[in-house]
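Which chain is which? They are A, B, C and D, in the order written, and residues in each are numbered from 1.
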Amino acid sequence: ETADKKIALSNNYAGNSWRQAMLTSWDKITKDAVSQGIVAAADPFTTAENQATEQAAQIQNLILQGYDAIVINAASPTALNGAVKEACDAGIVVVSFDGIVTEPCAWRIAVDFKAMGESQIEYLAEKMPDGGNLLEIRGLAGVSVDDEIHAGIQAGVEKHPQFKIAGSVNGDWAQDVAQRAVAGILPSLPEIKAVVTQGGDGYGAAQAFAAADRPIPTIVMGNREDELRWWKEQKDANGYETMSVSIAPGVSTLAFWVAQQILDGQDVKKELVVPFLRIDQDNLEANLETTEAGGVANVEYSLEDAQKVIDAAM
Amino acid sequence: MNDRVPKQEVVAARDVKVAFGAVKALDGATLVIQSGECVGLVGHNGAGKSTIVNVINGGLTPQEGAITYGGASADQGITAARASGVRCVFQELSLCPNLTIAENARVMLSDLKGAGWRRRGLALVTRQLAEIFPGHSIDCESVVEDLTIAERQMVEIAISFAAVDARPKLVILDEPTSSLDAGLAAQLMAYVRRFVETGGSVLLISHILGEILSTSDRIVVMKDGKVVADRPAVDFNTRRLVETMGSVVREQGWQRSARTKTGAPVLSVPPLPGASIRLEAFSGEIIGLAGLGGHGQTEALLDLYLAANGNWWPAAEPKMAFVAGDRGLNGTFSLWSILKNLSISSLKGLSNRSVIDTDREKKVSESWRKRIEIRTPDMHNPILSLSGGNQQKVLFARALATTAKIVLMDDPMRGVDVGTKQEVYEILRAEAASGRTFIWYSTEMDEIRLCDRVYVFRDGAIAAELVGDDITEAGVLAASFAGGEAA
Amino acid sequence: MTALTAKPWVWSFAAAILVWVITVLFTGGSSSVGLSQATLTFAAFSVIVGIGQMFVITLGPGNIDLSVPATMTLSGTLALKVMDVQDSMIALGLLIAILVGVAIGIGNYALIKLLRIPPIIATLSMSFIVQSCAIWTNRGLRIKPPETLSDFTTSYSFGVPNVALVALVLSLAAWFLLEKTTYGRWISAIGQSSFAARMAGIPVDGTRFITYVLCAVLAAVAGYLLASFSGGAALNMGAEYLLMSIAVVVIGGTAVAGGNSNVPGIWGASLFMFLVVSMLNTYGFGAGVRLILTGLIIIAVILAAGGRRVAR
Amino acid sequence: MRLSSSAVRLIIPAASLAVLLAAVFYMQPRAMSYTGLNLLFNLAVPIALATIAQMLIMSVNDLDLSMGAFVSFCACVAATFLQTSPAIGVLIFLGAIAVYAGIGVVIHLRQLPSIVVTLGMSFVWGGLAVLLLPSPGGAAPGWVRWLMTVKPPLVPMAIVASVIIAAVTHYVVMRSSFGVLIRGVGGNNRSVERAGWSVVGIRAAAYALAGLFAVLAGIALVGLTTAADANIALRYTLLSIAGVILGGGEFVGGRVSPIGAVIGALTLTLAGSFLSFMRISPDWQIGAQGAILIVVLALRLFLNRVEKREKNR
């Protein structure tokens, strides 16, 4: 029974469409939950800049405010551990998702980012057995997600040595930065067969290739609507083929339900895994349909979905 | 006078040459200072006085010539100079405004150290100030920025004369009285005499020749980087001094304007609460603001100016122009050429729809250069290449080049040499005759006497108005002190 | 020659050319056209925001505008939302962007003047508020730019990117403003000493006000162009341009102490900043080494150019 | 009563802090406890140290735009070398401090704008941090962790540490000869030079001391967070500048106040908490941070006015 429990969302960043979709999903699902009396409150908190220190302070404030559970999308897997430990010590349930924390007392709803990276190469290996040159667009240096996806991509390339990473740039998960970086390195690159990405930068890469008048390679997309739409246009025009993969912003709602279940006294394993959301040639249209213009392909979770995930981990 | 103490050489700069590019600031000048004497150093603006001070002080290494301290050829540089007991009060104030007086003493006196330096420094400065300027009203615990310019100058002088372990052997005073009123200046000169009589030496630079003549034992006259005369002070009088400096002495053919208070006033300011006299100005008048230094004259000028000039929208027709006295602080734009410095206030007239007509700008500034003789080969040279006095002339030209009917002047002749002053006076007179009004704050009695009408300030308000022949030193002084009543 | 090396902007151009040559050498010269075009394209955005920032920095110590990124984001978001992919609305969109800039500029100066908040903090606070407005207006959804506008910003005239031409026109206007008009003299005077400027009869507040508005408007225009160029406004699209706008100004030779500014240097520095990253990417350095080398190269350029300047 | 300008510089930030604290206590009475205060303020400790470092640089009329990157770098060193092989960690820190001194020397000798040099250095420190910790991790040395989480009787560690930092730096910067010289360089570097001091030496020392405090900030931060990442403290650049300004410091003229700077850092931290107690819609949470900065600084203006009236009387 959790009707009198209060849950908070501590979010470290709101400056891109993925995060906005995440907040919207949270809002939608938790509003229902609150109005149905499942929980007493589910308030979202966002810091101004993507900084672990600021988020740590925010978590400490949430402790002070007496929340029963804190759901965290963390700026850093380690830098919040001090604050998370304090929350646990105060008897608060901490559930982290997407950006997870390593502090053992917290729950983790993790996406296997490494596998996500590797799946890109697997897909490419199937599509172009001869291999070729790859361009890798990485995220923000020094952030764990970037490191993990990159590790996955590297593992993939080792397994499929016909691929070679001919160039690598940091796109900071921002499409204009990615476009800028790709445009700068492109003139010096040999023919590129495919671009492997981390999400949010595929459209920028496509623009850069178009601007440089180079043949468009297979660009792995990141579930953004503009990417999907561009893909659809290319597909209709010349049968362009690729895949798109990213974590669904709605995972915040899964985290919410997990927190609620823990508060409810359910036994939940500390480590939960959610699949990443993958879009392929055949389900492109379906996904495009359900994706808001300018938004991100999304999946929201209901209580039942969450219970399934929890049981699956048992 | 002090025959008992055998004279010793304190510092000697022999055949010194310093050139800044094409400008020969010092061209083989020799200056030797013995212990127990006060040497007066005079010369026109740009003669090289400050430069030789910098050489003696170790701040500037001459291209040719030798500096010796205490007779021995020893180390050079600032540290060596200070170790030999040379201290310097520079023309531009060089205290740190953000520090307290005691902390400034710590900075300027490196031997003030160890536990309790703060307390000792404070006591030292307090004692020294009382000795040089008896009766002063400076709060010795204040931060320097809370002091007036005159007070800062007094503090700097006091610190320079102060003795921690050893007392200074030579104190250089580069125009020390430029912001002091007559009373304080007299106290300082008296102290200089006492200091010299007890065996110290002073190098005194000033454009106020009376001071030099009455205080120095020996007078050195510089001209164009050379020493042109070096003789005991008794050999000089004002006239001979001016002639040696190379300026022609002009007769005081000054005619007070007969037009005092004619027509409608161009300016009329109601008196402050507690005072009764209105500040009024009429077309063609030269109005003096007198009184002891720091009694609100500068503030009155600033208030007048700021009230008349909008801060948001350029005035269609500027009503007033301002000539600053403290040029380092609020006058020159140091990154700019002389030309840009001169034309900044009159750009409106030099441009078509805000686009500057550079030819016209050049022509106008060239004509001003001729008219007030700014000593420079090229108006495109940086303003800092001019000596202080010449910079001051540029500020004059800046104000006069505007169309403003009223020109406010905040002690603008600070550090301007006698010859230049005469030139500027004449320009003022001509401009006044053509209908301009000047409101002129001056610390020099000679200048106050040139005015048509004088307001004497006391405690921030006008205490008396003097007209015509009533403008005398005695009249001004009487009105300057509380209880004194002017005619 | 000495007259040339005395110009502070020469060094940023020299550095840009050197880096360009090194980058092009990697491919034996075949990348020269492509690289040049890409460089011009992306330098254009830095130039536009850099010019605005330069005007502000010229106003003297402490003057800086940190709201540039947020302004870009809001103007891009709002303009694209208003235009709603219709070609007929392009001009209106631009007008909206400019109005956004004007409003933010007014807000910035109001904080600086009325509340006496130091510009660095005032504009930072403002940028948070503006960022919130951007989130509030569109919640981060990416709306596409009108076709014609998007084509214009991504294509070339005479082999030169259109955005670079826009930046060039704006630079010429800025240069004219700075060198030939009373306004240019005024900001330089204020930068050297605002009190002296006041006493010389310059309307100091008015000039500073206009300058902050100008900076915000240029940032807004850059945001409008960038959003159109990259196919939609993103909430984080200006982030790059915070440090960039300052870096191109100071590397370009504008005195940080104010009073001294120059437009050509901004071009040199913008080209340089883009090329350095491209060069290091081309030679395959990892992120860490790339960052270190970027920093060292910036310092090297400053060391070469600096010291010859009169004032700090 | 006549207040010295340095006292005035202190009253204003202290009053802002008090007002803000009262508001927080009012909204969240639970904060009014030992743990409450600790939670409110412990993350202010590294910010206070970084603010002091920035203040030292600002006292010689320079500005350090690499502060955030440098503190991040120090945090990475603290979480790696300092933990695994303390001797090497200490050596790296000494080297970093020496680099800071070197930057001061270069800036002075070549008359370079500090903003540009430190902007360049921010890339360098950031790159070094990424090399050191390509992905977040490391661990705080045990003693650091202990130091930052120790629970002294009566007053929480955060407050004790702030008071100690304020007292020590007040002594160094405001009372000692060394501090006088540093501020003297900020006030009028020519006169310090003419008095025979080596301004380049003073500037180098000021930078080195700033480096030392930044190192301490990095260590303290790791003590609180238990681990580091390469971007952990990037925000400290702006925070530290804001802290100095909030604390009554100025950009030029050597007018700084260490106690004020510490108070400024506390105020900034508290402002963030204040916001999360207010429950604002997520859209406007970022904007509210701006608004609160504005309000706090406007408070400064208001108190300034009141104080001026006082002084004129």
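Just so it is clear, a residue touches a chain if its C-beta (ideal position, glycine included) is under 8 Å from a C-beta of that chain, and two chains touch if they have at least 3 such contacts.
The structure displayed is predicted, hence computed values, not measured ones.
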Exercise. Centre-to-centre on C-alpha atoms, which chain is most distant from subunit D?
Worked result: B
Exercise. Does B-D or A-D have more contacting C-beta pairs?
Worked result: A-D
For this session: Starting from the mean Cα coordinates of subunit B and subunit C, work out the distance between those two points in Å.
Result: 45
Problem set entry | subunit A-subunit B separation of Cα centroids, rounded to whole Å | 71
Problem set entry | Chain centre separation (subunit A, subunit D; CA means) in Å | 34
Seminar exercise, completed: Residues of subunit A that touch two or more other chains sit at 14, 48, 141-142
Problem set entry | subunit D: positions in contact with at least two other chains | 129-130, 134, 285-286, 289-290
For this session: Counting only chain pairs that touch, give me the topology of the graph as line, ring, star, complete or other.
Result: other
For this session: Please give all chain pairs that are in touch with each other.
Result: A-C, A-D, B-C, B-D, C-D
Seminar exercise, completed: Note: in the complex, subunit D contacts subunit C through residues 106, 110-117, 119-131, 134, 238, 241-242, 245, 251-252, 283-291, 293-294, 297-298, 300-301, 304
Exercise. For subunit D, which residues count as touching subunit A in their complex?
Worked result: 28, 30-31, 36, 39-40, 42-43, 46-47, 129-130, 133-138, 221, 224-236, 269, 272-273, 276-277, 279, 282, 285-286, 289-290
Exercise. In the complex of these two chains, what residues of subunit B are touching subunit C?
Worked result: 305-306, 309-315, 318, 321-322, 324, 329-336, 340, 344-345, 347-348, 351, 354-356, 382, 398, 402
Exercise. Which residues of subunit B touch subunit D in the complex?
Worked result: 57, 59, 78-79, 81-82, 88, 90, 94-99, 103-104, 106-110, 113, 117-118, 141-143, 145-146
Problem set entry | subunit A contact footprint on subunit C (complex, rising order) | 23-24, 26-27, 31-35, 37-39, 41-42, 128, 131, 135, 138-144, 154, 226, 230-232, 234-237, 239-240, 274-275, 277-278, 281-282, 284, 286-288, 290-291
